[in-house]
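Take a look at the structures listed below.
Below, subunit A partners subunit B and then partners subunit C, in two separate complexes.
Then we have the complex of A and B:
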């Protein structure tokens, strides 16, 4: 299980959400309210702080992973 | 963090069989674990069970002494859907006094217990978890389980309330936190979040969705930014007046359009200021202005019983202003306080809501050994116990002072100790450092029976419900025994260090009240009077002789403004002698008084042992030829004194003079008012009808003269007085 995936599932209340290619433009649920919820949850989970510039510019899971320095997630078999 | 945990944290690929062996090994070796580590094994346990043959390992881990091993076992069992094994493991240890870990254990246990179908058991566990959750991360985990529980069954709440939160912020993030924290106190909150900075319009516009929501409580959660104060104001007086006027203007708007209680946040002095220390030092500095504003806000609220000021400036100071504010969240999302402080603010709001709903705890039941003194009196003796004289002894003295102050404001103290009674009482009678004395203790039980049995006796002796008791014990086993046997009793965790008892008890926020009435301050004394009365009762041969010996004097008056807070308090917390259990806000009471034809009465009872204060309330409304008794209640402190006859006689006289043909009464059964089920029958009323829900309607014709026993000297100001307005002052009844 992937911690980022868990957060997205919780915020969108959608178990088994596929997040890899998710962006703010291809996911209608990812509105500004959900965005802030995601940011808060991710900060707590990864014990890190986004800058205000990152908060406004993050537009996809891919960017998030880069910022969190996670690298790409391995292919789930 | 353990080496095994590091591997679990950092590896992005699914763990291999070899990783797993390493993790198991680390868990078996290392007994230490922290919340991050535990959360991370729960999150990755699904992967672990996919990659390995986990069952054998889990069964081996659960028998290990190390708590970390059992955490892993329970995570594996849960991921493998063996919920009964998971709850068995989680029940086999406790993380007290580590609050966060204990909260997480209870969350995990609640989840498994719910999956096993025991929703009410899961609810009790989740409530405890919420009370222990100090971080927003834990509260989010609680919220997730709450959502699960709500989906699976209708939950039994102690109380529910419609609460609107308005202000110059976005509340979408805060509302789930508030809802979760309230659930921890057994309150079902239906919440309305105001739109950003629209609170004035929402209050004043008659068509707003706030009106449709019909709130019982409005929280005005405006913060300092809404004041639009410059760093320095040229005319400080004007700046303050103008803002007080704005705020009281909103209160007026609420008072004319809603019948509800208002929680007004006061204003936090922000950390960052261009003026530095000068901001507080010069009269026009922003910090000076906010400080003055906060104090004037309190004064403005003094004459308005429907307004409670929440001291958010103090609350933010307790958690620390550097944690309180998150400027990024404010700029990006118009949200305050910070995510980390949200749960803390919610706890204080819920404590006040609990008080407004009349749920404030009334009695603190104390264990003795290692709670109010160090050591064991039965073994160490009077000279051996630690009380004063050493740092540890001083800690117990300080705690006793705190308890004494609680008693001074009307919280009853009781003792429930496993000791011989003579041993237990000796320090109270003889130890020079004792702050608490026997007369401070309203019920004293020292024996070897289970504590839960003794708590039932205390609840009966003091005539208060078990949901009003708070039980303090240093022994986790005793706490658990009481929790199991009496889930209604509040049982806070206690730290191991006695120096921390006082703050631990305070942080539970169980004794918050909306106002402090003079009855509150006298309450502890009046329970003492009760004990003396009981002494008389035992020496009197008949009930009538006992009552005559009390030399009671009963005063009956229509509702008046000075006594309104106490009247509202009684309306909202009286459970036993309460015919209709009608809960009313002060606004609703005023509306009732002002409605033409309505009759109100409160009773004040005095006897030779002391004054009971306002202990009876009766409200009746006019319905053509009949006067309907809508509310009739008496405080448990005056039950068995036949004062009900005096109350009924007064309303009877009024009804007769006013030309009514009959008096009508209703009994509406609840879980707690069984004792008045046949009151109207006993009073000579005729049963008219009874409903399926147990509701019974009664009538008493006014053409005959009922025989009211004379039990006291009666002073009745209700029958002749002008009803229909709230008297601001009354003729002095003292001789």
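Then we have the complex of A and C:
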């Protein structure tokens, strides 16, 4: 199970959301309020702590995976 | 180490409604509130707001409504509306934001001028319990 995907689905209330290419610029729902909710949920789920700079600078799922040391999700095909 | 406190004073409670003018009539007629402002449009906050207060009360009630379907408040309203945030007045807004960050709050919006407060700056923060707070600097 992709824990990051589950968090995005919960925050955006969109089951089966495809997150791999998601960025703050291509997702209108990823506004400043949703961003903070994502950061809070991710910190709790991954038992990690973002710096203030990271919270401000994270703009995509790809960046999140890098910071969290998560590899890309394997292609299920 | 002593952590500085942000020096908060309660200013208002924000309630998210569909239509500010319509909702205000109910609060005035049924709960005894008095209008303390007209309906104000704040394009930066993508919102219509109106302030009410009970006679003799020092804490306002702020009715807030999205200014259109693209408003950042529209999603919250679809989730049901109701009590949305608590606003505190502070003497020095940058210092208060910094203090709240130290207290594990996340900044949603850095200080920015707000039409509803005649250009006084506001900031938005949230804690891990999803308590949404607004700061407004003292005039």
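Keep in mind that, in the parts below, the second predicted complex is superposed on the first by the 77 of 77 C-alpha atoms of A that agree within 3 Å, B and C clash if a C-alpha of one lies under 4 Å from a C-alpha of the other, contacts with A are read in each partner's own complex, and residues count from 1 in each chain.
Going forward, a residue touches a chain if its C-beta (ideal position, glycine included) is under 8 Å from a C-beta of that chain, and two chains touch if they have at least 3 such contacts.
Model, not experiment: these values are computed from the prediction.
Novice: With subunit A superposed, do subunit B and subunit C clash or fit?
Specialist: Aligned on subunit A, subunit C clashes with subunit B.
Novice: Which partner does A:10 reach: the first (subunit B), the second (subunit C), both, or neither?
Specialist: A:10 sits against subunit B, while subunit C stays out of touch.
Novice: On subunit A, which partner's contacts cover more residues, subunit B's or subunit C's?
Specialist: Touched residues of subunit A are more numerous for B.
Novice: Just checking: does A:45 make contact with subunit B only, subunit C only, both, or neither of them? Give me first, second, both or neither.
Specialist: The answer is first: A:45 touches subunit B but not subunit C.
Novice: Which holds for A:36: it touches subunit B only (first), subunit C only (second), both, or neither?
Specialist: It touches subunit B and subunit C both.
Novice: If we overlay the two complexes on their shared chain A, which of subunit B and subunit C does A:55 touch? Say first, second, both or neither.
Specialist: In the superposition, A:55 touches subunit B and subunit C alike.
Novice: Where on subunit A do the contacts from subunit B and from subunit C line up?
Specialist: 32-33, 36-37, 39-40, 44, 52, 55
Novice: Help me check something: in the complex, which residues belonging to subunit A touch subunit B?
Specialist: Of all residues in subunit A, those touching subunit B are 1, 3, 6, 10, 13, 32-33, 36-37, 39-41, 43-45, 47, 49-52, 55-56, 70-71, 73-74, 76-77.
Novice: Subunit C touches which residues of subunit A in the complex?
Specialist: Residues 29, 31-33, 35-37, 39-40, 44, 52, 55 of subunit A touch subunit C in their complex.
Novice: Within the complex, which stretch of subunit C touches subunit A?
Specialist: 72, 75, 101, 106-109, 124, 126, 128, 130, 132
Novice: Would you tell me which residues of subunit B are touching subunit A in their complex?
Specialist: Touching subunit A from subunit B are residues 12-14, 36, 40, 43-47, 135-137, 140, 144, 147, 172-173, 328-329, 331-333, 335, 339.
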